[in-house]
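Written below as structure tokens is the structure these notes are about.
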Amino acid sequence: MEPLSNTLAAPDRKPKRQRRLPTEFGILAVLIGIALLFEALGWGIRGQSFLGNQQRLLVMILQVSVVGLIAIGVTQVIITGGIDLSSGSVLAVSAMVAASLAQEPGYARAVFPSLSGLPFIVPALCGLVIGALAGFINGSLIAITAIPPFIATLGMMVTARSVAQVYTRGQPISMLAENYTWIGSGAVPVVIFLVTAVIFHIALRYTRYGKFTYAIGANPQAARVSGINVNRHIMLVYTLAGLLSGLAGLVTSARAQSGQSSMGLGYELDAIAAAVIGGVSLAGGAGRITGTVIGTLILGVMTSGFTFIGIDSYIQGIVKGIIIVAAVVADQYRQRRRRKV
Amino acid sequence: MEPLSNTLAAPDRKPKRQRRLPTEFGILAVLIGIALLFEALGWGIRGQSFLGNQQRLLVMILQVSVVGLIAIGVTQVIITGGIDLSSGSVLAVSAMVAASLAQEPGYARAVFPSLSGLPFIVPALCGLVIGALAGFINGSLIAITAIPPFIATLGMMVTARSVAQVYTRGQPISMLAENYTWIGSGAVPVVIFLVTAVIFHIALRYTRYGKFTYAIGANPQAARVSGINVNRHIMLVYTLAGLLSGLAGLVTSARAQSGQSSMGLGYELDAIAAAVIGGVSLAGGAGRITGTVIGTLILGVMTSGFTFIGIDSYIQGIVKGIIIVAAVVADQYRQRRRRKV
Amino acid sequence: MLSPGTFRTVREAGVKTRADYLLEVDNVRKEFPGVVALDNVTLRIRPGTVHALMGENGAGKSTLMKIIAGVYQPDTGEIRLKGNQIKIATPLDALEAGIAMIHQELNLMPYMTVAENIWIRREPLNGFGLVNHRELNRRTAELFRRLAIDIDPASEVRDHSVANRQMIEIAKAVSYESDILIMDEPTSALTDREVDHLFRIIADLKAQGKGIIYITHKMNELFTIADDVSIFRDGRYIATHAAKDITREQVIAAMVGREITQMFPKEEAQIGEVVLSVKDLALEGVFRDVSFDLRRGEILGLAGLVGSGRTNVAETIFGVTPATGGQIRLNGQPIRIRSPREGMKAGMALLTEDRKDTGCFLALSVLENMQMAVLTDRFVTGGFVNQGAVNAECTKMKDAMRVKTPNLDERIENLSGGNQQKVLIGRWLLTNPKILILDEPTRGIDVGAKAEIHRLISRLACEGVAVLMISSEMPEILGMSDRIVVMHEGRVTGILDRAEADQVSIMRLAAA
Amino acid sequence: TTIGVTMDKFDDNFLTSVRNAIAAEGKAQGVTLQFEDAQDDTGKQLSQIQNFIAQKVDAIIVNPVDTSATPKMTQLAVAAKIPLVYVNRKPEDKELPANVAFVGSNEKVSGKLEGEELVKCLKGKGNIVVMQGQLSNNAALDRTADIEEVVAANPDIKIVQKQTANWDRNQALDLMNNWITAGDKIAGVAANNDEMAIGAILALKQAGVDPKTMCIGGIDATADGLSEVANGNLYVTVFQNATGQGKGAIDAALKMVKGEKVSSYVDVPFEKVTKDNYKTYMTK
């Protein structure tokens, strides 16, 4: 058989260096698209600007701040390859405990009549510690007994909700002191949410904590062989997620000026949805806080937009479901086209 | 092809053929353990047998039949590596549509006054088709657009719930004809649940459908290179899951003799929990219907047991959460010891 | 253009076509973002021959094969099967047209039985349309008997070693009875004994007139079984020769575009004091009574058949699976190592055997993959990673290892297998280990890179690093080691000096 | 005029009646109404109110998820100078400022009416079981407390079991099934709403017990509830005037928009419904 061609020296072929846009870019475009859609509909239907209203812009973020806080924690849990179903319930426990220590002095039906008028730090710290503790229990169960995170956090979800209910036997806790409710008033929740997002964005991208989080999610065995103490790190990530749920509990109870055992019901799903819309992969190892924040904002813009253009609330769910799917499909499509596979 | 002439001498060491007990064995032991615990508590607290009461045994299964039906579908979805969050909402749509076609003749406030007195097959078929259609949409979205199953079925969850509400603008549908309600009465739901379980157990273990389902979950790439049409199969599995949600919708509405848009709220989570407790791996590729049935029964036994020994309803959640976790930990521990890793 | 279905019909009818070539590939081009994987390549396969594909890591061999097997679609180009142009849109099309492929990465379903894995999609059914498991196992047993493979068809795949899994893949590919069988580095996980076995299977298939495309980085295999050799470089087709007309050096030169002088460039290192001493080491149920010394500057080979326990010994020393008995001494001090972290603190590094399972973070970039181990104790201040410094180190390492990647931010998943391996070696070298444990370090690595890695290992030894090297490649073990520990069924059966070691003496101990 | 309405949830049968009444009255008065579903979430409800405010609606009607959060809502509305009407659930504010009103019924009465009728039915003695709504819900807590109060006054009546069925018919069915098999002697069922009472009736029927021989009470007087009263299965239910509440809410809101004064508590009384008077409610 004859050689089909002569041995040829390969000319210097430079690999085309293609600068990739960060993956969040796509979903950001989707967010802007949705906002502009409402802007257009706004002028058409109501003759008003949707975005040109500072108060509305604030409300858009405000209403998803709590879910956003949870989503920041859950994003990290998902990056490690886990899931956290307990955040909504942990929020409730933290809210109840914190609220019970933050009631106005002299309120007759106070939970702990003798413990009123405490400085802000006491209820705040207790709420945060309760949250972190719940997260720590989640993490320990997952790391030590190796049960699926779904089960460990499902157990915590059911248990914590029950703890919140049994705490005052279902009675809401009201009359919270003003030295406590400030963290839920005005734009404070928005500030807390965004600052937290920045902190964890930095933590994930520029610290060892972040690198290890991704490594564990991408391949826990390889992470262990690379000298990472996988169990300890998992505990840490879940504890932080619990801490953030606790913080969300403080904000929620301060915002409503009351503690209710039903608080945060179903927030875990919204938070996971926000993260996944923002590009966090449930398989672990991929995702960013910026994406989660954008995913959260999509939920917020949608909610405000619906109210703004006055969509019949019966069909809001239909539209919302379709938008969620369409947003991710659009993002996916854009990424795929870029990949050209 | 001729046998190889020069046969290699078989390796001297026979691979240890290790007869495995089916994995469900462990969780079955847990189920029995929980049942016996209640038996003991029953004698201690109420002076009665917990298990020695046929009626109670029936009730235990009856109350989880609907969740069990959904869990059978969701098990298959999870085996393919997916998830189905929409089952509770799809149940509601099916229940509403079927109920609206199954009202007693001559009922003044009927949804379709002209469509009363239809034979059973009409509402039943419509309910099933609606369920299957929802599942088909889920499957198509996942297979064709490659968005995460979590998002596709989350969108369907929100959308379908809204459809159920908009269908009669929130009004419940009552006065269902007796030729319809029979499938919800007495032990019929139990029979439907168990027969369905047997059918899908056989399908998963003894048909190509089942082999493909496992193969896709274990290694989609391997399935694809083995010539399996992965997309088509995914669509099929989700469609079947939707069909089962539809069936669950029929049973639920028949049982309550009414169709309500809030039906099945949160059932998706119970169903997933039952499957995971029963050993279905959320990573895909592993799990069996028998395990799911046992997982479902654990939920049923727990519910009956709590009522039986009269646990304070405020702390039931705490006990339930702990039992779920403990059940899976016990199973895990048993499996790990057997593997001696 | 013929459809794959037509091909199936023709094949089933047993019609013999008289085309000169079974398969012709013309001007196929394939681009991935940032990479031209194939640049107008051409390939011709004659019936009844073994056609070897040679090329450096990332040359595009696997990509071309995946195109033929319907996994990827070419951007341009055409494929002719027995003279007829054909479009292969899916793997199923390829299988129906008579093309089967053993992929470079194992593609098995761990929780399914061996028989189910092999016959997936083609299960025998009984009268009710249900899968007949008895017949399924019988067929598998029959196939295994024909191929002389000793594996229980009813066992689950996850219970089998990598080598066994590879044999299962081979059996599966053979079971398609296809005209063209593509084998992408089938022997990278096999020891000589299984390789011989595979070659007998291949010879048999060849005798039946089938065309076999065989990808390997092992030169000696090339001259043992190949009839024709096609050489690729940087996504381009270079040349095709008859194997008997070409020398090893010519092949290598064509592959790498430069001369490689010495394959196993062992330099004589100053062998110093004992660094690591293992005494009666045991892991319950896997191995016991493992004793040997490892000295400064020494390369200690660890040889044995597949399943002899070498990997487990390495993992136990490093702390992945803590020992259940025996003693490890580090510089004369007894030490207990209970986790890889502790292993690393003791100055060790372990390149694991299974790239995919315990090596790569597939979803992460080359950079992240390379830097991960070193971050446990360097380049971190106050929790923050000093990314500039790490980048510089990693870039240096990447260049030194000649990793073929568009940039450090590329996902490692998109690198060819060999380049992934280089990244992982780089990961461990960055930690400056005193004791370097390498489990099959050159698995799937091309000759050029292999020589580089061998030179690197030698140089490290000269610098005083103690190297424990597991390899299933006899020339590598013999060429590189100062001493060779041979294992058989979880026990050390002998320790040979470089001078007294040869293929025969090792095999005798390994099969003892 | 535009009025924003946020309801606790859309899935609840009774609240659906209130919502429909609001919608009907709004249409009659030529008001643009915008409904929102708070999905049982105080946080969501607060956001909806804030969205309404951002949108500058003329008035807001709130069916509070949880009454303990109403002081905050009141604050928001007062700050934005938008009239606010609470409907159905009594706000916990110490006192309502001008431009804020409550239209609804005194929850303390409903459980009492139900309990007293059941006592009559039981002739002062026997075991009863209590089916609670959601454990965290004000109405469930109040109604259960009312029942317990009535029972405490009748020493021969004992509450042998008390559990939640989350307002849900199917859950009540399962709960009742379990109680029946537990073998307690049960003479009566006091359910926090009609849906659960119907669940209990269905369970009894399936167990072969005639519900007519038992004393079963519900609250809400829903269509299904009334037809069970007609059948004699449900001994008592309590009519909560959804139409009255809906109409009252719109009226109050419109008055405040026009700047007229409105009493801060518009009572729409509960009425007990038994076999004797159910017919008058069938058409309401």
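Order as written gives the chain letters A, B, C and D; numbering starts at 1 within each chain.
Keep this in mind: a residue touches a chain if its C-beta (ideal position, glycine included) is under 8 Å from a C-beta of that chain, and two chains touch if they have at least 3 such contacts.
Treat the numbers as computed from the prediction; the structure is a model and nothing was measured.
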Contact-richer chain pair (by C-beta pairs counted) among B-D and A-D: A-D
Computed distance of Cα centres, subunit D from subunit B, in Å: 33
Whole-Å separation of chain centres (CA-atom averages), subunit A against subunit D: 34
Approximate Å spacing (C-alpha centroids) for the pair subunit A, subunit B: 29
Centre distance in Å when subunit A and subunit C are each reduced to the mean of their C-alpha atoms: 42
Sequence positions of subunit A contacting 2 or more other chains: 165, 170, 281, 314, 316
Touching two or more other chains - residues of subunit C: none
Per-residue overlap in subunit D, given as positions that touch at least 2 other chains: 10, 135
Those chain pairs that satisfy the touch definition: A-B, A-C, A-D, B-C, B-D
Footprint of subunit C on subunit A - complex, ascending: 1, 3-10, 13, 15-18, 20, 206-209, 211-212, 214-215, 217-219, 221-229, 281, 283-286, 338-341
Subunit C residues within the subunit B interface of the complex: 69, 71, 90-92, 95-96, 101, 103, 107-112, 116, 120-121, 123, 125, 129-131, 133, 145-148, 150-152, 155-156, 159-160, 164, 177, 193, 196-197, 200-201, 204, 208, 284-285, 307, 489
Residues of subunit B touching subunit A in the complex: 85, 141, 145-148, 150-152, 154-163, 165-166, 169-170, 269, 272-273, 276-277, 281-282, 314-318, 320-322, 324-325, 328-329, 332-333, 336
Subunit A contact footprint on subunit C (complex, rising order): 31-36, 42, 44, 46, 228, 231, 233-234, 236-242, 254, 257, 318, 320, 339-341, 343-344, 350, 352, 357-364, 368, 371-373, 375-376, 380, 383-385, 387, 406-407, 409, 427
Subunit D residues within the subunit A interface of the complex: 4, 10, 32, 34-37, 39-44, 46-48, 50-55, 65-69, 71-72, 92, 134-138, 140-141
